[in-house]
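Take a look at this one; I'll ask things after.
Naming follows writing order (A, B and C), and every chain is counted from residue 1.
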Amino acid sequence: MPTTTWNRHHILSLNDFTTVEYDAVLQTAASFQEVLSRRTKKVPTLQGQVVANLFFEPSTRTRSSFEIAAKRLSADTLNFAAATSSMTKGETILDTAKTYLAMGTDIMVIRHREAGVPNAIAQEMDRLGVKVSVLNAGDGQHEHPSQALLDLFTICTLIDPANPRIELLKGKKIAIVGDILHSRVARSNIWSLTASGAEVHLAAPPTLLPKIFAEYFSEETTSPQRQLFLHWELEPALRDADFVMTLRLQKERMTAHLLPSLREYHQLFGITRDKLQLCQPNVKVLHPGPVNRGVEISSDLMDDPEFSLIQAQVTSGVAVRMALLYLIGSGKVSA
Amino acid sequence: MPTTTWNRHHILSLNDFTTVEYDAVLQTAASFQEVLSRRTKKVPTLQGQVVANLFFEPSTRTRSSFEIAAKRLSADTLNFAAATSSMTKGETILDTAKTYLAMGTDIMVIRHREAGVPNAIAQEMDRLGVKVSVLNAGDGQHEHPSQALLDLFTICTLIDPANPRIELLKGKKIAIVGDILHSRVARSNIWSLTASGAEVHLAAPPTLLPKIFAEYFSEETTSPQRQLFLHWELEPALRDADFVMTLRLQKERMTAHLLPSLREYHQLFGITRDKLQLCQPNVKVLHPGPVNRGVEISSDLMDDPEFSLIQAQVTSGVAVRMALLYLIGSGKVSA
Amino acid sequence: MPTTTWNRHHILSLNDFTTVEYDAVLQTAASFQEVLSRRTKKVPTLQGQVVANLFFEPSTRTRSSFEIAAKRLSADTLNFAAATSSMTKGETILDTAKTYLAMGTDIMVIRHREAGVPNAIAQEMDRLGVKVSVLNAGDGQHEHPSQALLDLFTICTLIDPANPRIELLKGKKIAIVGDILHSRVARSNIWSLTASGAEVHLAAPPTLLPKIFAEYFSEETTSPQRQLFLHWELEPALRDADFVMTLRLQKERMTAHLLPSLREYHQLFGITRDKLQLCQPNVKVLHPGPVNRGVEISSDLMDDPEFSLIQAQVTSGVAVRMALLYLIGSGKVSA
C-alpha cells in the first residue's frame, strides 16, 4: 500500500473532499486492483475487524460489492437487511446503530432511503466518543460517495493505469445524463468531477433538472475551477464530451408524470451509438447499474467494449471499496 | 481460558443450572471480554466447526450477536431464516434440524415462536446419539437463557470486574418490571437471579402478572434461598432496589385489551429518573432491547450512562455467547 | 486428493458426462468425506476465491449445502436471493450474472425456475472469454446435476466405501417413483444411472409420466447399455429393485388436477415397508428432500436406518459439492 496520510474518519459526502484525499483513494484502489489480479486475492489487513452492512433500503449490487471488499481484507461481515428484520420495530435507527456499535462493529456501511441518516449516525458515534466509522452507501437523493469514487477511479485508470490521480480530468468534458434531480449518484459525481477541474455538463428534461439545481453546488463552493453547466437537451452536453455518464431511470418517475413515456425518453435522452458521434472519437460511457436496456442506453452500446465502461465500473467498485475500508479501518487500528 | 469442568451438552433452560455452571459461564465470558478489547478480536477455538443459526422467528439482534460470537471463535456460520426459506414447506421442524445435522452442523442456535421446540430438537439429537449441541435462542414465552446469562454477566462484572461470580448477587434486590406473563427473558432471569440468592421483585399490571405465576417457580425448586415477590404496583418493587430490569412491551398486547394505553402504562410502570429515587442511590437499569423509548423507560434515562446498562448488555452479549459456544463446542472437540 | 484429469469448466447437465468424469467426482468426494470426519473439517484449497450462490428461486437446503461446501474449501461466499433483491428490477439475468463476474466471482452456483438459465449464463461467460465457472443448482424441470451426483455417491459408497465408482451399479435395478414429469432430479438421475449400466425403472401415474417421456433420453443416446423402463404402476418397478428413489411431490400438482388426492397417491405410489417386500432384501430408499411424510414415503420407513439413505444423502451432498467446486475451481487456479 502507498503510505498516505488519511485523517477522515467517516465517508459521508464528497462535498469537502480534498485533492489529497481523492488521490489517496485512487492510489490505494490501484494497489488493491493489483492484489485482485493475483491468484490469492486476499490480504489480512482488517483481520478481526467487523464490517456491518446496515442496509435499511434493499440493495444487492452495492451490498455485495462492500461484502466482497470486506472479505478480501479478511474482515468479518454482518449483514442487516431491514426487510427481514424485527429490529427496527419501535426502535430508532440510532438505537439500531448503537446496538451494532455495542456488539463490536468497527465500520458501519449504511444505506437508507432518507437523506442524512448516515450523517446522523456518524454524529451520534462522535458524540459518544467511539472509534467506529460510518460509510455512506447511499442516502435518499443526497449522496453515494463510493459510487462517485469508483466512477472517478474507472476514468482515471483508463487515462493513466499506472498512476491514477484526479488532475488527469482537468479540462475534460463530462456529460451526466438522466434523472439528475432524484440521483444521489449525480450529486456525488458533481462534487468529485467539478473538483477535478473537469467541465461537467448535466442534461435532462426540465422536470428532472430544475434551474435551481445548480445553485446548491455553486453556493457551497468558492473554488473558481468548478464548472457546472445545465442543459435541457442532450446535444450540447454530448458535443465533444470525453465521458458520458448515464443514470438509472426509476420507472416510478413516469407514474408521477415527470416523463411522457420510456420510448420518448430513450429517443430524447437515451445514449446510442449514433448520438455518440457528437462526442470525442474515443468517448466512453458509464452507468451505475442496474441498467434498463433500451431506456437509458441502447442495448448494443452497453455491450460494446469499445465504448462501455460499465463492467469496468463494477470491478473498480470492489477495489475502491477495499480502499475506503482500508483507509478508514487501518487508521483505526493504529490509533 | 480458565480450566472449567463443563458437562452440559445443550443449553435449553436455566431451571437446573448449578452455581458451578453459572460461574463457569461468567468466568469464561470475562476471558472473552478481555479478548474483545484486543486489537485482533479473534481466537481459533472453533475453527472448522459449523454454527447454524436456525431462526424460525425473525430476529436481528440475537442472530447478529450469535453470528459475531461464532465468527470471533473462527467458526463457520450458516444462517437459516424461515421467512425466506422454502425448507419448511411440508417438512417438519425436526426434519429441518436433521438436515442441518447431516450437513455437518456442530452447534444449532434455535429460535422459534413455540415454546419447547429447542428441547424437542435436542431430545431428537440425543435419541440419534449424535454430538450436535442445541442452544435455545428464545422459544415462545418459555426461556431465553443467553439473554439472562448476559444480564447476569453485566451485573456481576459491574460489581467485580476482575472476578464475576454469581454469589455477588446474594442479598441484592432486583426488580423485574413489565410484561412478565409473556416474557421468556423474565422467566430465564427469574431462574438465574433467584438461584444467586438475590431477592427478585416482579412488578406488572395484574393482566400481565397473574397470581398463579409464582407457583411455576416455587413448585419446581426446593432451594430455600429462592426469594420471589409479586407486585401489581411499581413502588414496592423499586424501593431500595439495586437493579431494575425493564422488559420490552409488545404493542400487540394492547390490541388484546391487556393494557389501557401506552401513555398510562408509561405513567404507571415506565422507568424514569424520578421513580429511581425510590431505589438505592447507585441503582442501574437494564433492558433486553429493542427499546420502545418513552414506554418502558424514559428516553433520557435510557441514554444516561450513570444509570443505564443497556449498551453494556449488548457488549456482554457477544462475550457471553462466545463463552456458551466455547463451553459446549470445545467439549465436543475433546470428546 | 486423487490426481484426476478434469477438463469440464461448467457443470450444467449430466447428459454428456463420461465414466471418467463420474469416477473423478466419486473419488474426489470420497476424499472430502474423509476430511469431513476429521476434527478440523477445513482445507485451504479455494482460499481467496469467491463462490456466488445466485438463487433466483428460493432454496435453503441446496443453498446451505453449497455454502458449507464452499466454506470448508476456505472460499469466500456471496449469497444472492432474488426475493430480497432489488437487483433484477429491469435488469436482465445475464446482466446480473455479469455484475457478479465483474466483482470477481470465480464460481457461480445458479438456481432458476426456468430451464436453461444456467446454460445461457455459461454460454455468455464463454463468449466473453472469462474463466468463471457455472454450476447448475437446479433449473426449472430440466436438471439438478449435483443432486444426482450425490445420489450416485450415496449408493456407490454404500456398495464399496473404499473405492466408489460408477461401474458398481452395473446390472443393479433402480426404481424412480413419483412426479417424474416435473422433476429435474429425475432427469439428472436418469442420465447418471443409465450411464452406469443400471436398469432404471420409472413408476408414476400416467399424468406424471407420459409415454413420450422416454424418447427424450433414447433419442439422445446411442449407448446400447442405457436401459430405461416406464411403468404406470408401482409393482413392476419395485420388483427385485436394489434401490428405490422417491421424488418430492409438489402439492400444486393436485390443484392442476394431475392427481386425485394425496391419500390415494400415497396408497398407489407411496413407499412403505410393506411395498418394499417386493424388492431385494437389502433394498435402500432415497429421497432428495424435503419430504412430505406420509405422502411419498411412510413416516416410519423414512426414519428406519435399515432402509433409509435420506440422511446419508444430505451428508454426501456436502462432500460431492466440495468435489465439484474443487474440480472446477482448482483447475481454474492452475490455468
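Criterion: a residue touches a chain if its C-beta (ideal position, glycine included) is under 8 Å from a C-beta of that chain, and two chains touch if they have at least 3 such contacts.
Because the structure is predicted, anything quoted here is derived from the model rather than measured.
Asker: In graph terms, with chains as vertices and touches as edges, which category applies: line, ring, star, complete, or other?
Answerer: complete
Asker: Copies chain A and chain B touch; is their interface built from the same residue numbers (over half shared) or different ones?
Answerer: Counting which numbers both chains contribute, under half are shared, so the two copies meet through different residues.
Asker: Centroid from C-alpha atoms only, then distance chain A to chain B, rounded to Å. What do you get?
Answerer: 41
Asker: Where in chain B do residues touch two or more other chains at once?
Answerer: 84
Asker: Considering the complex alone, what residue numbers of chain B touch chain A?
Answerer: Contact set of chain B toward chain A: 36, 39-42, 58-61, 64-65, 67-68, 71-72, 81, 83-84, 251, 289-293, 295, 311-315, 317-318.
Asker: Quick check: in the complex, which residue numbers of chain C touch chain A?
Answerer: Spelled out, the residues of chain C in touch with chain A are 47-50, 52, 76, 78, 80, 84-92, 95-96, 98-104, 333.
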